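Think of it as A, B, C and D in the order they're written, each chain with its own count starting at 1.
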Amino acid sequence: MDAGTAASHVEHVHGKAGWHFLQLPGPTNIPDRIRLAMDRPAIDHRGPESAQLALGLFEDMKKIFKTDGPVLIFPSSGTGAWEAAIVNTLSPGDKVLMFDTGHFSKVWILMANNFGLDVEVQANDWRRGPDPDEIEARLAEDKEHKIKAVLAVHNETANGVCARIPAIRKAIDNAKHPALLLVDTISSLGSIDFRMDEWGVDVAIGGSQKGMMLPPGISFNAISKKALAAAKTAKFPKCYWDWDWMMADNASGFFPYTPAVLHMFGLRESIDMLMEEGLDNVFARHSRMGEATRRAVTAWGLEVVCANPEEYSNSVTAVFTPEGFDADAMRLQILERFNMALGSGLARFKGRVFRIGHMGACNEIMLSGALGGVQMGLEMAGVPIDKSGAKAAFDYLASVK
Amino acid sequence: MDAGTAASHVEHVHGKAGWHFLQLPGPTNIPDRIRLAMDRPAIDHRGPESAQLALGLFEDMKKIFKTDGPVLIFPSSGTGAWEAAIVNTLSPGDKVLMFDTGHFSKVWILMANNFGLDVEVQANDWRRGPDPDEIEARLAEDKEHKIKAVLAVHNETANGVCARIPAIRKAIDNAKHPALLLVDTISSLGSIDFRMDEWGVDVAIGGSQKGMMLPPGISFNAISKKALAAAKTAKFPKCYWDWDWMMADNASGFFPYTPAVLHMFGLRESIDMLMEEGLDNVFARHSRMGEATRRAVTAWGLEVVCANPEEYSNSVTAVFTPEGFDADAMRLQILERFNMALGSGLARFKGRVFRIGHMGACNEIMLSGALGGVQMGLEMAGVPIDKSGAKAAFDYLASVK
Amino acid sequence: MDAGTAASHVEHVHGKAGWHFLQLPGPTNIPDRIRLAMDRPAIDHRGPESAQLALGLFEDMKKIFKTDGPVLIFPSSGTGAWEAAIVNTLSPGDKVLMFDTGHFSKVWILMANNFGLDVEVQANDWRRGPDPDEIEARLAEDKEHKIKAVLAVHNETANGVCARIPAIRKAIDNAKHPALLLVDTISSLGSIDFRMDEWGVDVAIGGSQKGMMLPPGISFNAISKKALAAAKTAKFPKCYWDWDWMMADNASGFFPYTPAVLHMFGLRESIDMLMEEGLDNVFARHSRMGEATRRAVTAWGLEVVCANPEEYSNSVTAVFTPEGFDADAMRLQILERFNMALGSGLARFKGRVFRIGHMGACNEIMLSGALGGVQMGLEMAGVPIDKSGAKAAFDYLASVK
Amino acid sequence: MDAGTAASHVEHVHGKAGWHFLQLPGPTNIPDRIRLAMDRPAIDHRGPESAQLALGLFEDMKKIFKTDGPVLIFPSSGTGAWEAAIVNTLSPGDKVLMFDTGHFSKVWILMANNFGLDVEVQANDWRRGPDPDEIEARLAEDKEHKIKAVLAVHNETANGVCARIPAIRKAIDNAKHPALLLVDTISSLGSIDFRMDEWGVDVAIGGSQKGMMLPPGISFNAISKKALAAAKTAKFPKCYWDWDWMMADNASGFFPYTPAVLHMFGLRESIDMLMEEGLDNVFARHSRMGEATRRAVTAWGLEVVCANPEEYSNSVTAVFTPEGFDADAMRLQILERFNMALGSGLARFKGRVFRIGHMGACNEIMLSGALGGVQMGLEMAGVPIDKSGAKAAFDYLASVK
């Protein structure tokens, strides 16, 4: 879209009343509590208040990742945390196993290639996650343990598929393979259960603007003992992402460079909110959102992109539009008429898929509005649907706690 | 509700995710633009910035009331503006005509009695507004013009009835009666068309927390020439509400006492927002909200309180629950389960009526969520409904611009 | 100042960097904690969260006023609370004793006259408070107890004089006179010690935008048993200010009309801040601010308006400019050049006096900046001063805790 | 300082009244306008509003850097922008010339070493900037042009020295040397004049939390044609910092990964504020702040760290405490007693130096307060000073426009 179009669109939206519904799979709605926690003066990041804040965050982020190992906080987007995971554990030319199972998975592969890793790719139709059996088979073949790491995306934001990380762990173990397991939890952390230590993940990569409900701007590396050991011999040149440099200062609550201090105040509030609600309640709520959305989609007579019910994502649902209906045109119509943003289909799904984000600070009434809006948008776009979709979601939501 | 219950309830809400839906007929949702406009330091209310701000507001509030006369801004709730209208235009013992047509109309009558006015009341079943024919008949009888003023509520917030002010004007004119016409526009101003000068209203009373989208705290008196003349001989003792005292300082942008200066910044933003959208578009939007809500109610098989389709309110819809179902229990269930607040039935409607506010910064998706929530709440409460209600609203909203 | 001047001035300020120093005797700087507490959605003022909040405020405001009696919160400026005190305790024609000791004292007298009270006035040179001996003498004369109330301003904001309320109480007692004692604490509450019950005050009137650090918009009446009794027979017509109507609903945490709910959230934070610091520490801090300011003024060779050291105000210092120097011109120069607002001389002091507010959220460094700015402003205006004034304040502030 | 100390300190500060004075050389005070611009919901960073915003920022940041070349915005601290400058223009083993002239200069050298560059260092006593003559001499020797780049810090935040970049440019030109010139403008950008194109800088590195007045979290690379050409052959592996990847998406207003979108809204406001005031006025204001501070320091009888008056920094002043007085103890006393944060002496200056930040949204009254506070702190710490220091600053500030 060119800037001219953008300008006129923004003016149009400006005169619109009421809330903007940001039903994206990230960035998500920032709750007032977090906005207020961040609406404050900066502080001296070398002073005691900052140190106390940081030490608390380091400790509590372990509970979010369900790990005993260190969690590092980078001032960067999640893509930076991908890079940090690579440059701290691997060396140029290392062989790694990755999965072409969706758009973001593919971008991570691109990054690995840029860093000169020897990337072996297992691909599929982007309607399911990595296949544990295929992984086990490949690792079993790798008798010399050339493969140094398996890099998987937990929740593929681009198609609403939630990979079975425990099964992947089991595949690695069955193959008795020593490869590290690096997992992107960017769009699952704080929305869908993730258990770093129990599942044997070596590096977990997170971001701020999804289930953590913050604006984009900070990212995470949670690190296992095995990953720390691997870092001793990793040969990529690095400084900004250097775990050692970061951890040396983190020990006393400081950072080797200026942290994104307002995001840290926001993160404090985010963690508090998740803990007050209770992580299990948070996951159950996302499960209700996901199920309600899928029931609406099915009742409309449309097809969910994720083809494997075991891998349904509870934070985002990607939906095919029927042949001949442009998903992007419909999304734009909904944005202009109803002030609601939906996610687009990415790469091979462009124009054929729209995505309903239901992660983070989302509740039943917000989702009811969103599904009502999608139903109206589908109707306005002339997509032939059964208009009982939203009702199916309401029936479900009224029936479960 | 006692404080103990309150406490536990608040804690329960605290762990809830997502937006609170405040579907009340006021206070209404405060848009971010207004919240931000008010989130600022105080300024010297005797300094030039304050004067410039105030003069702009005085001028632009005339456009909101559609009048050429002065508009005064009091630091008070709307109830204060009722009082200001009375004490500036009337004298102890004056005869006035008022209407027992709903809870707030009745409170205004109570105030008039407290001030020692001789209040003559026309009452009805609270399902319709004042009857212009009855008014004309009564005024025609009053040959000696003992009745000094007719006091009517434009939009009765407690039952969702919008009085026909132009017809009431016509009734007074037909009777060739000189009575002043005082009109409460608290829950219509900025939501439903109101034309002070064209309709011959003498004092219009407004508040901040409904269609003006501000927090409660300021109120308005818009004043006709005839009302200004009446004020010359009005005998109630007064100071805080004294129009003369206020107008003397207002001329240069100042006030005789400290104004609610942050509300004034908010009001600036509120007026700008209404003007950007265009008042006619604002009224059309409220009309869509009202119609969609009534279609949902009807499709559910429930009854709207307002019995006269000519008097449907577009800012609030009051709905009867069937015999045997406690509206307040349902409202509480919706608040606790879904974090949405609905208005209660007041006085004679207590427990039998719930109210859906759709005024101010409300749009299609917000209303879709609200109606979805009401449908779920009705179902959860066991109220026998046809579950096609929300769908009827969606069908309508998708079909109109 | 006309609107044209205002406009150009505001634009000038717009391009200024850094903080605006609002060194007024109200409105005062609103601390971030209070701004954030008020930057939130409205809530249902008929719901449990509002009730819980209000009940806590009613209780804790007693600690601020140091009383066991009820404290009422009106959506109004402090002037409204003056009116509430009058109309609830007195009747038309009642004789009262008041004091022409400063601009605001005089406006209150104006109000009493407007209400038809028979106001007897004791006047002075506006450089000291009411004279307890004179009061005692007058009351002793009033054998028939015609005087129903003594109305005094605790801290006269317009000239920085803090009346000796305990001595006035003693004067009334010495005269064995039953008159009510009504005291305006608007610019002392939360800054200078005030002890309602210990001092035998019958109605204490407070506002939000001074020591309470809130934006203007709410006001208080704290009420003694004797005042409650007087209210039973008071004959002014009233409704908005009616203590009975208010107290009936307050009992369960509610209000007879919509309260200024965001101010209530702000008040919660304000009280918490005062209690965290400790009221005695708050008063000691204001004492340091007052003393430092007076030392600077004296060292500059200028004269403090308050002529009685026992009545120095710790929340505002009024200062005479020497003959021939226009205080307002200097204030404007300081505003334009340094973005700092000082208070003006009012009424008979216009142009001859400027006022330095040091109340509310003010600390040593803020005051240091303000005094530096005044020193620079005096120099720029050519006022002959000894430029050791700010230094005298710094020396003092460095030497006390 | 351990966490235990931190905790008790924070609680102590919590009960303090009034503003926190953050007189650090970054992060600096965030103006309300910027805080409000960032206090908003996230938006779809793949949507039209985001694109329009970004395109405007790309264009306007050129004016801030005074360049025609592209300016990239990274979600990272300034340290990340250092890394981006290195990995995009250089290759492992490249020889570079750097300067050990202060703490931050030294950390950049550390980074260059980490990346395997062959770093040649010119060192001094940390009281002056890089020596242009020495640079010219060294480059003239380098007949084979082994030195690929000269990396200099414009304003060394740790000691208040502002390097003479135009003279360094001239030195390179005199030596007819093709080395790239990479300049860190982190603590000068938006405070002290910097002219990328006129001065022939190839990569300028900026940050958000100093003169740009934002919270930390974004950083900048401004890039010359020569640097873009160098990037074609630079061999460091990279992805997150990859200029090509970034520029490809930037062309249409997008980013290859999620940008720190709220910082972008803040940056829009920051640029607008700088432009409204006028960059030349901004620089003149900082010049006044710097000169006033130095006059105070000299009048106190203390020594400014910067030994070369041509290199005085106008954004931060570092000051030696006399032998035997611990600068950090004094800073802590000022923080606890007066709620003002000063910068510490770093590395070799630890305990011997304190730093007064006067960059960003700082004005005369704020600085007056800060200097008053320093004077009081020096006195409280028993440092023998002439107490006319603050007065010297006031005299100067009153005398200049």
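FYI, a residue touches a chain if its C-beta (ideal position, glycine included) is under 8 Å from a C-beta of that chain, and two chains touch if they have at least 3 such contacts.
Quantities reported herein were computed from a predicted structural model and do not represent experimental measurements.
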Centroid-based (C-alpha) most distant chain relative to chain A: C
Pair in C-D, A-C or A-B that repeats B-D, with over half of contact pairs matching by residue number: A-C
Rounded Å distance, chain C centre to chain D centre (Cα mean): 44
Separation of mean Cα positions, chain D and chain A [Å, integer]: 34
CA centroid of chain A to CA centroid of chain C, Å: 54
Shared-contact residues (touching 2 or more other chains) in chain C: 29, 39-41
Footprint of chain D on chain C - complex, ascending: 14-19, 21, 29, 31, 39, 273, 276-278, 281-282, 285, 337-340, 360-373, 375-377, 379-380, 387-388, 390-391, 393-395, 397-398
Residues of chain B touching chain C in the complex: 1-3, 5-7, 9-10, 13, 20, 22, 24, 26-30, 35, 38-49, 51-52, 55, 74-80, 83, 92, 110-111, 114-116, 207, 209, 215-217, 236-240, 242, 252-253, 256-263, 335, 341, 344
Residues of chain A touching chain C in the complex: 32, 36, 39-41
